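One chain, subunit A, links the two complexes that follow: it is found with subunit B in the first and with subunit C in the second.
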Partner chain A sequence: MERIPILRMGEFLLVTIQVDMHDQLALTLQDDLADRISATSARGVLIDISALDMVDSFIGRMISTISGVARIMDAETVVVGMQPAVAITLVELGLTLPGVSTALDVERGMNLLRTRMGRA
Partner chain B sequence: MTNLNHRTVDALRINHGELLRNWAADMEANTSQAALKAGELQQQMTEFLRLFVRGVEAGSPGSLATGEWSEMRHFLEKLSYNWAVMGVDSQETAAFIFSLKRPVMVLLQREFGDEALFFVEQLWVVSEFIDVLAMHTISTFQKSREAVIKRQQEELLELSTPVVKLWDGILALPMIGTLDSQRTQVVMESLLQRIVDTGSQIAIIDIIGVPTVDTLVAQHLLKTVTAIRLMGADCIISGVRPQIAQTIVHLGLDLQGIVTKANLADALALALARTGLSVGRAS
Partner chain C sequence: MNSVRSGSHPVRLEQDVVLARQAVRKLAQECGLRLVDQTKLVTAVSELARNTVVYGGGGEMDWEVLEDGPRKGIRLVFRDEGPGIADLKLALTDGWTSGGGLGLGLTGARRLVDEFDIASTPGVGTRVTIVRWN
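Take a look at the complex of A and B:
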């Protein structure tokens, strides 16, 4: 079965979405990520969606949910590299993802996570 | 539509030169074709008359779609397009063709003046032909004008949304004019694209040039700011004039979580501070 790889980098988890997301894949990712956070006691999750050029409300909600789940398990979520078209679509759908941190690219996202960790 | 009698066709063909001279004289006396060069106009009249005579030889123009008349149609379409672009008005364009009526009538009167019935009948047919041509010209002229206006509107839309780079990682968008849905869309797209292209962390939207802010405009601003945040950049709104600030409060608009500044300088100072830069006096 198709899966999205979850990479571990120190105390952070790195997820790079490089295929078209369909609903089942999103649900699998959600479950896998929750398991991995618990297994590795990660403090931060970085989701790179720069290759994602289409979203629907389901995927939008998935991002929200992942962030919520991670927060309960004491991990920060940062979404990086959102494409303009995706951002506009989400805004038009009314999904403003409150509480989800964002950054322009992976490097800035990592820095953001590190500062958060340092502060905590 | 009936065809012209061959006698009339012959008369038109034989007196072709005279017709052109009379027509040119009329044009010169009646209209002020300021936008058109005399030589160019003369050339177009000659061409028009040539095609006209060729057309009448073949028969009635009908809808101008077929046969001998199609070349005339192309000629008229090109002419009205060019004139529309040059800014000649519709009246002058129509007058160009209608003014042919008088010289033709003078000619027919001289040739067939003593056969009243035949003269009137032929005059009517010629007049109908010219009407068809003029009608087609005007409708093409109108279409060309509309195309020009549409293109200008699009250009205006593009022109009015320049995204400027103020500093490394700081973009500014001076908004000028009323914000409607279509413009917001264009503005949002170009700003977001620039943010991706330049990897800028802060975008400043300056609304000093926006004449009024109502609920709709505020909603558009909110959308843009949210989209920018989703991309991972920050947004500052600057240039909030006192009246605008009052309007926003009176309307009870909630600009939740949006950083606003009174002018662009303050916004830039804040942006520089956020990126860890400071500006000092060189001494």
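Take a look at the complex of A and C:
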């Protein structure tokens, strides 16, 4: 079965979404990530969406759900690399992603997570 | 206003949502839409095609490239023969969903295009038409 890989980077997990995701793949990722957070006790999750040329309400809901699951498991989610055209479209779509932080790239996302964890 | 060319894509499986997005991205590029406008149109397509699959039980996406003097545009029709929508006004309310969605698909898609029209008859089906000009 097709899957999106989840990489471990120290106490963080990195998910790079590269394919034009269809719904089943998105749901599998949601489950996989919840499992990996619990298995690794990761404190933060970075979701790199720089390769996505659009984010619709389905992907938006998935990001919200992941961040909700992560928060319950004491991990923070940061979405990194959102393309400007995608960001502009999200505003008009009306999707606000409450409680989800964003950063320009993976490095800034990791810095943000470290700051949140009180070790800047 | 002239119709330059047209075609149709099946929208039956969730993979078809991805294929519909890719097909419209290509049309949008050919029509000279700016990147932001391409993204808006493709996002609207994703919302409407998913509704066709999830609620409409599958259907078709008809596409048409339009020319109006120097302007080019794309008209898309999403049609299904599913259960239809009993209360259109409610369905067109931000945040209203009959499933587990965010209820943003229809209202969001409407904000992302230049023209938006929906017709639905319970027991007969649903037809959503959108147009985006360059």
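Operating definition for what follows: the second predicted complex is superposed on the first by the 118 of 120 C-alpha atoms of A that agree within 3 Å, B and C clash if a C-alpha of one lies under 4 Å from a C-alpha of the other, contacts with A are read in each partner's own complex, and residues count from 1 in each chain.
Here is the rule we go by: a contact is a pair of C-beta atoms (placed from the backbone, for glycine too) under 8 Å apart; a residue touches a chain by one contact, two chains touch by 3 or more.
All figures in this text were calculated on a predicted structure; none of them were measured in a lab.
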Subunit B versus subunit C as contact partner of A:22, first or second or both or neither: second
Contacts of A:31 with subunit B and subunit C, given as first, second, both or neither: neither
Which superposed partner A:74 touches (first subunit B, second subunit C, both, neither): neither
Touching partner for A:54 - first (subunit B), second (subunit C), both, neither: second
Subunit B versus subunit C as contact partner of A:102, first or second or both or neither: first
Which of subunit B and subunit C A:88 touches, first, second, both or neither: both
Touching both subunit B and subunit C, residues of subunit A: 83-84, 86, 88, 92
Interfacial residue positions of subunit A with respect to subunit B in the complex: 79-84, 86-88, 90-92, 96-97, 102-105, 108-109
Partner subunit A, residues of subunit B touching it in the complex: 185, 188-189, 192-193, 195-196, 199-201, 223, 226-233
Of subunit C, residues touching subunit A in the complex: 14-15, 17-18, 21-22, 25, 35-36, 38-40, 42-43, 46-47, 50, 94, 101-102, 104-105, 107-108, 111-112
Partner subunit C, residues of subunit A touching it in the complex: 20-24, 53-58, 60-61, 83-86, 88-89, 92-95
